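After this come two complexes, each holding chain A, first together with chain B and then together with chain C.
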Partner chain A sequence: QLDHGCALHTAARGCLSSVSPQDVPAEKPRAVFHTNESDPAKHTEHHEGRLYDIPLEEVKAVFPHGLPYRFQQQIQTFNEARVMVRKPALELLAYLKGSNFAHPAVRYVIYGERGTGKTMTLCHVVHYCSRQGWLVLHIPDAHLWVKNCKELLQSSYNKDRLDQPLQASVWLKNFKTSNERFLREIKTQKKYTWGKREATEEGRPLGEVVEQGLARVRSASDAVGVVLREIKQQSPRGSFRLLVAVDGVNALWGRTTLRKEDKSPVSPEELTLVHNLQKMVKNDWSGGAIVTTLSQTGSLFKPSSAYTPQELLGKEGFDALDPFIPIPVSNYSPREFESCYGYYLERRWLQHEKAHTEDGKAELQFLSGSNPRQLDRLAGPL
Partner chain B sequence: MAAPSAAGLGRRLRAWLPRIMPVRWSRYDPSYLEPEVNKEFYQKPLEKLTEEEREQMELKAVQPIKAAPPTLSSSVFSDPMISKFTNMMMKSGNKILARSLMSQTLEAIKRKQLEKYHKAPENEKETIECNPYVIFHQALKNCQPIIGISNITKGGKTYQVPVPLTDNRKRFLAMKWLITECRENKHRRTMMPEKLSQELLLAFNNEGPVIKKKHILHKMAEANRAYAHFRWW
Partner chain C sequence: TLRLICTTTAVQRKNVRASGPEKYTEAFIKKQIEEFNLGKRHLANMMGEDPETFTQEDIDRAIAYLFPSGLFDKQARPMMKHPTEIFPEQRKIQWGEDGRPFHFLFYTGKQSYYSLMHETYEKLLNIQKHQDQLTVQDLPLQKEKRNLAGSRWLSKIELEEMLLEKLSDDDYSRFIQLLQKLVALPCADIEEEYIQKFSKEVPVQLQKVVIEPLQYDERGVAFSTGEGKRKTASATAVVYDNGSGKITVNGTDILHYFPVLQDREQLLFPFQFLGRIGKHDMVCTVSGGGRSAQAGAIRLASAKALRSFVTEKEVEFMRQAGLLTVDPRVKERKKPGQEGPRRKFTWKKR
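After this line comes the complex of A and B, so read on.
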């Protein structure tokens, strides 16, 4: 049986316990839109609209990849990572807490218009799951696997498929950082031959497969496939819980912009990484959950006004994902807007004199339409 | 209404009518009034207005109004200097690109200053200026030359004569120097917001190549003091 306790560094935990009692007496006016509750498991409707803090060591351990670029810049400028607790995330966490892990994995699709906070909801859920000690399989953006690939190799395992060594090795490196503990504990169940002289025996820890993929970049995509297969087979046994978190799942079905050497277009099933991920997202395994996000921003050949699952996934994707729970994410409610505005004022992000006035606030609300991304973009130069 | 002034016999006989969609033109009829964008003006209650303002309001109800130019904004965040600078950065009318570069520059300045602010010890925190608008205006003021040089030809020879500059000319020279410095003397692959934010921060602290250029101009003017009497205006 694997250890279900909190997987994160004792250093991070020590930092948390020292921060929380000091915060409360020192900064009274902070209490309105901040919350000291750093554990997503304890977030309830009471915390809705408030921002909670993730310690920086945890951010580096849990999110080596996956946070949006502008949020990473914000972490660097403000020296802290504050995420807003919102209704869609609370809903998802409630479902996860109450789900029966003996049944097949439930699929959740987070959808919404551009810039409403789908990726941040996914990151909130990933943080909760890593706090609870789950094995988190986080693919930061599936669109990166179907476009702009400089090197496409023919796969040695299956002649029809194409390998992507660079993308696979980058993902393996980040996966290693976030899930060290599990890589030592999960053992392979079959012998895998990587070439004439290299092979991984049965019963070796999965970390060796990842090392093999990182060392021999040519076989990195196959290493990813092996890792996914092993995890999927061993998850129903119940020794660990698995979370498959995919951002931009609509990239897995549809078209790619890649071409083979004879200039014929490549369809997503012909890529090893995408093929293995499609198998992962099917609900024929139990002992975990699959949380995905739709994304129009990086998508290929889809109009910019499309945001519903039907439009973005297409017929093929919708049929593949079919019994799923849709979770809509919308713009900020007035309370959430107040909270975000107050946070920017408190961190001295809104420097313009007029931004502190009621007129400035009304103008920001009107111009951004309470859309989180637009508010962030507008507040940048101000 | 202006008298019909078109060429061609047939057209002269038709009465002049204004077009359906008014376009802002330098040849507006003198009866057209300027648009008023200031929100406070409309929020004043009627009793507080003076006689002339009441007359103006009545006139506005009857006379036609010119179309507002696209740069005129009722936003509380609009700043005429920033608009001028954006226009000078614009190439081939691509105002969208120029404006986004300007907002990225202001954001870059703010980020750099905020990082410095958070790392500084308590007693130095007040000295660090984080407001990008204050930095921009101060940097421009620091770059403005006090006296300029003009070429005057007398007796076949051209002399560099020191000459006073108007406010507009000073502002224009400061902005022009900043933009040319960023465009020409930097590495090809650096982005404009990055270059500009660096130059503005240096100018704010009275350092950097643009301030140096201003000092060189001042020195040239001082050196050519003898020819100052060549100026006749």
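After this line comes the complex of A and C, so read on.
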């Protein structure tokens, strides 16, 4: 039925950002696992298992950080970004569409085993929200903030806490690229003093705070804190919707690998960035949603077989996140596997002759166990 | 007068090598046989069995019971066998009291070999004469092809044992050529008996192993079990029919139990060979060994279980592919004076 004959080769020459707006499966064979629906808002169960295309400029604007590394490599190789529409993502989008923004923000926790697609689901949701015009606060990996930090400064704002200038400035830069428009619209509500000479007046656009943080790296973490506080205060007013997307939220509670100068371990609350983020993730504000992912791969001091929220968040984290909606992500279903395999075949990623046969497909399915990451790594050398 | 007798101070050394292997006299062998029979009766009495009906197998069992040994080499363990099996056959002395040899070909050096060649040639001439007689009488020549596929000639070692003397490769090949020439003639059936002395049957189907039939569980799904071992790891596998290709090991999924691709490939091999990747479900339990040994053990167990689902020809293919053979490699023993089984200590010049 899936006729990978000459029809595919000629169709593949056709342009990727589509010409025909309908996807009628009977006509073009490639449309069986592709969808021309670029707008996540219009994705329904009908589109489940299919890959949709994100134009490259949007990718650069919406995802300056946040896509998994291997996916970024794939984008570079294939010169297009194709994301699969899967059930957990559709579920999340349905909840988001139906949620009432007057109520406090609902928390969603995406969890699942290693390599099943949690980060990709998060990115799908982020893309949807940015298309809808929300303000997206995307933290690519909270684990980066609790380990391998070279510089820790004592915070000027609060003597107990520690600053991380490098990570904060990197994040501010990416935040600027993704949310240019909002930085001009949102105005500060208080006066903030950065040091003896610098201060930001009331009513200035938030962009100035960000510039300040980027220019004066020492106070970057404080700048981040200010940005977060402003956004949180202004979101219930309703002028914009806020999405807080955190990948690897289990890093915010638990332990860190950082040590103070007197070799005593640092707990996450003592880091400014983590502290502010914890405040964001609390659901005491309204007008948006909080979508988080658990991640075992970057987590510290947790066994590799742990993947449920209880195990990875620990008691503290679980209590802090308590009323949340869990969204499990599992391995590929047979249909999703077929469409992923078909995509690799179409892009001629699988060069081995045997990979084109039915037996080869069964072999790939067996060896990867329908796990997206394993399939990706297997298909690499082929 | 004293006569000087030359005596050497050094005693003549016995040249052990020149005398060859120990020669047993006939009387000695006879005595050994008597002792063996007596010992057999004593042993039977000891074990409480009937001395008259005490076979060699009973002797072996009794000896293994009375003298248990942990040595690996079976030949090194204590054994009690008939003297003809223990003492190798030797040639009796070939010449009489006057020093004159019995056989006319003695001075050729290889008397039995040459006498054998002469005999075989005589048979050949016989057949040719018979053939000529038949052609003279115009009778049809019988041509029944001997089944050469199921038989082979005696090997060089076996021939040496039969003739009790050493042969060279060249001699052996000449003899075999002569036999083949003999067999190629049409009327070779006359000397069939003689030829059969030098040919052996080759067992066509090695190891007829019984294949168990399929069993059916409560739901009506066919399943079969298999066991496998590899280097201290042992595994049991239950393969179910009408499955989707899911495999569970010790209660966990194979992706979690075998994170390494190589192990999963080993598991995949039997199914891939038979082309039944997505058709069977498998539940296995495995213990012992390491990661690779467990994978090999499960592979063997699943191949054995799959035999019941598959035709005989495919079983033969699996056997030839090596899926059904137990891997005999185990960890080699560490020797004293060396660091490991093969590695020697670092050699220091001084």
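Note that the second predicted complex is superposed on the first by the 355 of 382 C-alpha atoms of A that agree within 3 Å, B and C clash if a C-alpha of one lies under 4 Å from a C-alpha of the other, contacts with A are read in each partner's own complex, and residues count from 1 in each chain.
Definition applied: contacts are C-beta pairs under 8 Å (C-beta built on N, C-alpha and C of every residue); 3 or more make two chains touch, one makes a residue touch a chain.
Since the structure is predicted, the reported quantities are computational estimates derived from the model, not experimental observations.
Peer 1: With the two complexes superposed on chain A, say which partner A:Thr177 touches: chain B (first), chain C (second), both, or neither.
Peer 2: Touch partners of A:Thr177: none, neither chain B nor chain C.
Peer 1: Just chain B (first), just chain C (second), both, or neither: which does A:Leu382 touch?
Peer 2: A:Leu382: touches chain B, not chain C.
Peer 1: Looking at chain A, which partner touches more of its residues: chain C or chain B?
Peer 2: B
Peer 1: Touching A:Thr297 in the superposition: chain B (first), chain C (second), both, neither?
Peer 2: Once the two structures are laid over each other on A, A:Thr297 reaches no partner at all.
Peer 1: Can A:Asn148 be said to touch chain B (first), chain C (second), both, or neither?
Peer 2: neither
Peer 1: For A:Gln351 in the superposed arrangement: first (chain B), second (chain C), both or neither?
Peer 2: So A:Gln351 only meets chain B here.
Peer 1: Return first, second, both or neither, reflecting whether A:Asp359 touches chain B, chain C, both chains, or no partner chain.
Peer 2: both
Peer 1: Tell me the contact category for A:Thr308 with respect to chain B and chain C: first, second, both or neither.
Peer 2: After superposing on A, A:Thr308 lies clear of both chain B and chain C.
Peer 1: Touching chain B in one complex and chain C in the other: list those residues of chain A.
Peer 2: In chain A, positions 359, 363 sit in both the chain B and chain C interfaces.
Peer 1: Which stretch or stretches of chain B touch chain A in the complex?
Peer 2: 39, 75-77, 102-104, 106-107, 110-111, 114-115, 117-118, 130-133
Peer 1: Would you mind writing out the residues of chain A in touch with chain B in their complex?
Peer 2: Contacts found on chain A: 73, 76-79, 348-349, 351-355, 357, 359-360, 363, 380-382.
Peer 1: Which chain C residues qualify as touching chain A in the complex?
Peer 2: By the definition above, chain C touches chain A via 245, 253-256, 261, 264-265, 268, 271-272, 275, 277-278.
Peer 1: Can you list the chain A residues touching chain C in their complex?
Peer 2: It comes out as residues 305, 359, 362-363, 365-367, 369, 371, 374, 378.
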